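Chain naming follows the written order as A, B and C, and within any one chain the residues start at number 1.
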Amino acid sequence: MKFGKKLLGLGVAAAVGIGMTVSSVAINSAEAGWAPKKPIEFVIMAGKGGGADKMARLLQTVIEKNGWSSKPLTPINKPGGSGAEALVHLNNASDPDHTIMVTLNSFYTTPMRQPKLGVNIETFTPIARMAEDTFLLWVNKDSGITNVEEFVSAAKAKGGDWIMAGTGKLSEDNLLTDFLNAAYGLDMKYVPYKGGGKVAKQLAGNHADSTVNNPSEQEGFYAAGTTVPLAAFTDNRLAMFPDAPTFGELGKDFVYYMQRSVVGAPGMSAGAAEYYQKLFAQVFASEEWSAYRTKKSLQGDLLQGDALMSYWMNERDVHEAMLRKMGALD
Amino acid sequence: MELLGNLADGFFIAFEPLNLGLMIVGVIVGLFIGAMPGLGSVNGVAILLPMTFLVPPTSAIIFLAAIYYGAMYGGAISSIMLGIPGASTAVATTFDGRPLALKGEADKALIGAAMASFVGGTISIILFTLFAPPLAKWALAFGDHELFALMMMAFATFVGLSGDDIPKTLFSICIGLVLSSVGLDIMSGEPRLVFFDIIGFMHGINFLVLAIGVYGIGEMLWTIETTRGEPAMSKAKVSVERVVSNLKEISNTWVTALMASFVGFFVGILPAAGATPGSLMSYGFAKTYSKTPEEFGKGKIDGVVAPEAANNAASTGAMLPMLTLGIPGSPTTAILLGGMVIWGLVPGPMLFIEQEEFVWGLIASLYAANLFAAVINIGFIPMFLWMLKMPFSILAPIIFVLCIIGGFAPTQSMHDVWLMYGFGVVAFLMRKLDYPLAPAVLAIVLGPLAEPSLRQSLLISNGDITSFFTRPISGTFMAFAIFLLALPIIKAVRARSANKGSASA
Amino acid sequence: MKKAEIVMTLMMAAFSAYLMWKSAELSVGWVEDEGPGGGAWPFWLSAIMFGTSVWSLIRCVRGASLPSQSDEPFMDDFALRSFLQVAVPLGIALALIHVVGIYFSIPLFMIYYMRFLGKHKWPLTLAVSISTPVVTFFFFDIALRIVLPKGYTEPMFYPLYDIFL
């Protein structure tokens, strides 16, 4: 590995010369446009092994593989408090130029539900929306259900004993479950689990009756024929699941996406923001990323700068209205 | 026969020069990462994941699996040498590993750990090879009720683990469980027990913070005080005779190793359970059926063999649901799963059909990595023993530094370092008053598994507690747990009546 | 010892009560459609903690527990001195990490411990306390890319990052 004895010797030599070189290095990089001076803290607003984590590590891998950043990105998971910990960490970042974060929809809902945090997402630096993840309604093959109609009548028959597994109270899955309950007059019981993978397993093992997973969480079971998608919460049918209609086609006008974006700490300098925007635009255009997007049925174009900010503001209003309807906000 | 052919093909893949080289490097890197308190296999795999894009997927997963195995072996090293579990899977190894090291028998403990790990790994790979698909179905049958029943069984197995002071033991278990519930409550979506609104409590209290506090800082303060500054840790020597006599003694523990391997493997394949409950349970079992249970905790080699065989068996077991179902059985396999996705492999039932070369290459390399890990580990033992010979006043500050870094590394937050320091000081004071602290550390590991499964089951069954007993798998576990809980009472009653009998005779 | 145990059990009882109060911020009973409330688990366990603390207190007063039977002082002079000599400087070292970072705080702590507590000679002391952070830097910051805290000394590391990352 890299940490041989040779390196050690070099390190000692380098340490001796620290003081003398500091000032000159700083000046050099300032002239040639902004570039990172130290490893970039790459905060992940979710736990290890989840969808956001996998994507963040892929982004990091693509950047490192192509050598697009002179300093490495160091991923740190901060899943605490539905992302509250990550948001506060960014808000108080001691070095905003070297702190960026992979974020999802809790970016809107967590500051709303925990006003005590003092986080205002308008102050954050928009870098890039890399994709929008989709949601579908899933059931186990053993249930024999093949379309939404059958799903509704089965769920109605079971009433409050119909179990919908999801990823946490008031999470995206919970919003979708509430929508289904309201739209079809159901009374499904929402049972929260930690992480989409566990939710998918509950369905595959017949411990839950239905879920609203992302394609990436269910693809293994789907490929094996264990689970079936009934309908998609998207604008158009997904190429991967051509037999699953959209809810729009079924007369229920409801679309919902999960953003997969990169955001910079508040107070990031204009030069640094430009650097990261260029970096992630490069990643977006890369072969690896577009292959991943196709495979995971990811939607949504690249959004950057002001366009991304106005997208956030719009989404924030949408989520606020949804949470209000659920009675989760005072 | 087809199985054997597949496996043979797998071995050809595993022994390609590139893969073989990666395996050896991986084992060594893993060994050192695992030996560092605070860093375990999950860190090693997560950190080195991006480096694996340089090689084809099969080689990449072989490399990561080697790190995984190396780290599992390495975890035992810091448990034995420093008394600080390097990862939650190695907690039970400290119970007897540390006393053995203090007695000057660190070499015995280290060799025992390596041998046991090898046995555990081997048995579980055989089980894996023979029964992967049916076992995957069994794992899927595990719902919330079953998981909670399993946790009850884990608790029951170590009820008799610590001192005689019952109220203090209960207190210790409960405080561990309460501390494990700090942070976000996913069921209600609300932050919970965020003391004084300090944001650092939002991510909960990492098991390592408590473990390093108790076993690192607390243990050091205790050692400094009780030994009046310069502990007479008897130095282990290396000689051929010692090695032979050690091996003899270790080979007598084969029943323990076998039992622990099976327990570890079956607990390991359950999604979400992972290696930690498996190693704790097998320690408990080993103690329960031992003829001399009172020797456990004072430096009995069986107490090292059982958890080490189990945690290695479990780490192989945890690969099973990951490969066959796409469900990680442990945080480490979750990262491996992420890696497979990045390489373009879709884990799940189809993997065995579509990616035969990958699957059998991996299985064969697991086997080879296991062998290399055992050999390399034993090769490093003299070096570790040499480190133990350092004067205590040099070793002590180094251990304190390792504690600080170990507290920081998993979450990269100074909040956790302060918390660890606080736990250490309080643990030292409590220990002086005869509070057993191992139950608290175990409870904080199992709490996050036990609590949600209890609540999810109750929610699903509308608060009906009998549902734990009426479901077949869950009911069996519950009955067994109750039997284990009742065992000490039965023993006590028997002992008393026997005493009476002899007194009257 | 007996006095110390009484104080400890009382403190732990108080702590349990605080935990119960804190848990009660969330529902501790049965919530419709949610099962047991978010506070139920910690609340009832804290209640058990409170109970066992009272139990320990009673045992202690009756002289049934081990520490209450011991006549030794909880901390004799040596114990108190060695405790303060180690625990307090360790706390100071942690505080210093926030200011000068781990790579200056650690050597200071090691020099203190080895030279002033361990009475080792200066060359050995310096060799160990300088080589430890150097090895740490290459293992964590460079090889594993776990960036350890550096406080206000961060700019001094920029050239090192330039060379090795």
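Keep this in mind: contacts are C-beta pairs under 8 Å (C-beta built on N, C-alpha and C of every residue); 3 or more make two chains touch, one makes a residue touch a chain.
Computed from a predicted model, the values in this text were never measured in an experiment.
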| item | value |
| --- | --- |
| By mean Cα position, the chain sitting nearest the middle | B |
| Farthest chain (mean CA position) relative to chain B | A |
| Distance between the centres, which are taken as Cα means, of chain C and chain A, whole angstrom | 35 |
| Distance between the centres, which are taken as Cα means, of chain B and chain A, whole angstrom | 31 |
| Averaged-CA centre spacing for the pair chain C and chain B, given as whole angstrom | 23 |
| Numbers and ranges of chain B residues touching at least 2 other chains | 187-188, 190, 412, 456, 459 |
| Numbers and ranges of chain A residues touching at least 2 other chains | 1, 169, 189 |
| Multi-partner residues of chain C (at least 2 other chains) | 34, 145-147 |
| Touching residues (chain side chain A, partner chain B) in the complex | 1, 48-49, 53-54, 57-58, 60-61, 64-65, 75-76, 78-82, 84-85, 88-89, 113-114, 116-117, 163, 167-171, 174, 189, 191-194, 197-198, 200-202, 204-205, 207, 216, 219-221, 223-224, 226, 291, 295 |
| Chain B - residues contacting chain C, complex | 33, 39, 43, 47, 165, 167-168, 170-171, 174-175, 177-178, 181, 185, 187-188, 190, 192-193, 195, 217, 220-221, 224-225, 228-229, 391, 393-394, 396-398, 400-401, 404-405, 408-409, 412, 414, 417-418, 421, 425, 428-430, 432-434, 451, 454-456, 458-459, 463 |
| Touch list for chain B against partner chain A, complex | 25, 29, 42, 46, 49-50, 53, 140-144, 183-184, 186-191, 194, 197, 199-200, 202-204, 271-272, 325-328, 331, 334-335, 337-338, 341-342, 344, 346-351, 411-412, 452, 456, 459-460 |
| Touching residues (chain side chain C, partner chain A) in the complex | 33-34, 134-135, 137-139, 141-143, 145-147, 154-165 |
| Chain B partner contacts - residues on chain C that touch it in the complex | 1, 4-5, 8, 12, 19, 22-23, 25-27, 30-31, 34-42, 45-46, 48-49, 52-53, 55-56, 59, 65-67, 74-75, 78-79, 82-83, 86-87, 90-91, 93-94, 97-98, 102, 106, 109-110, 113-114, 117-120, 124, 128-129, 132, 136, 140, 144-149 |
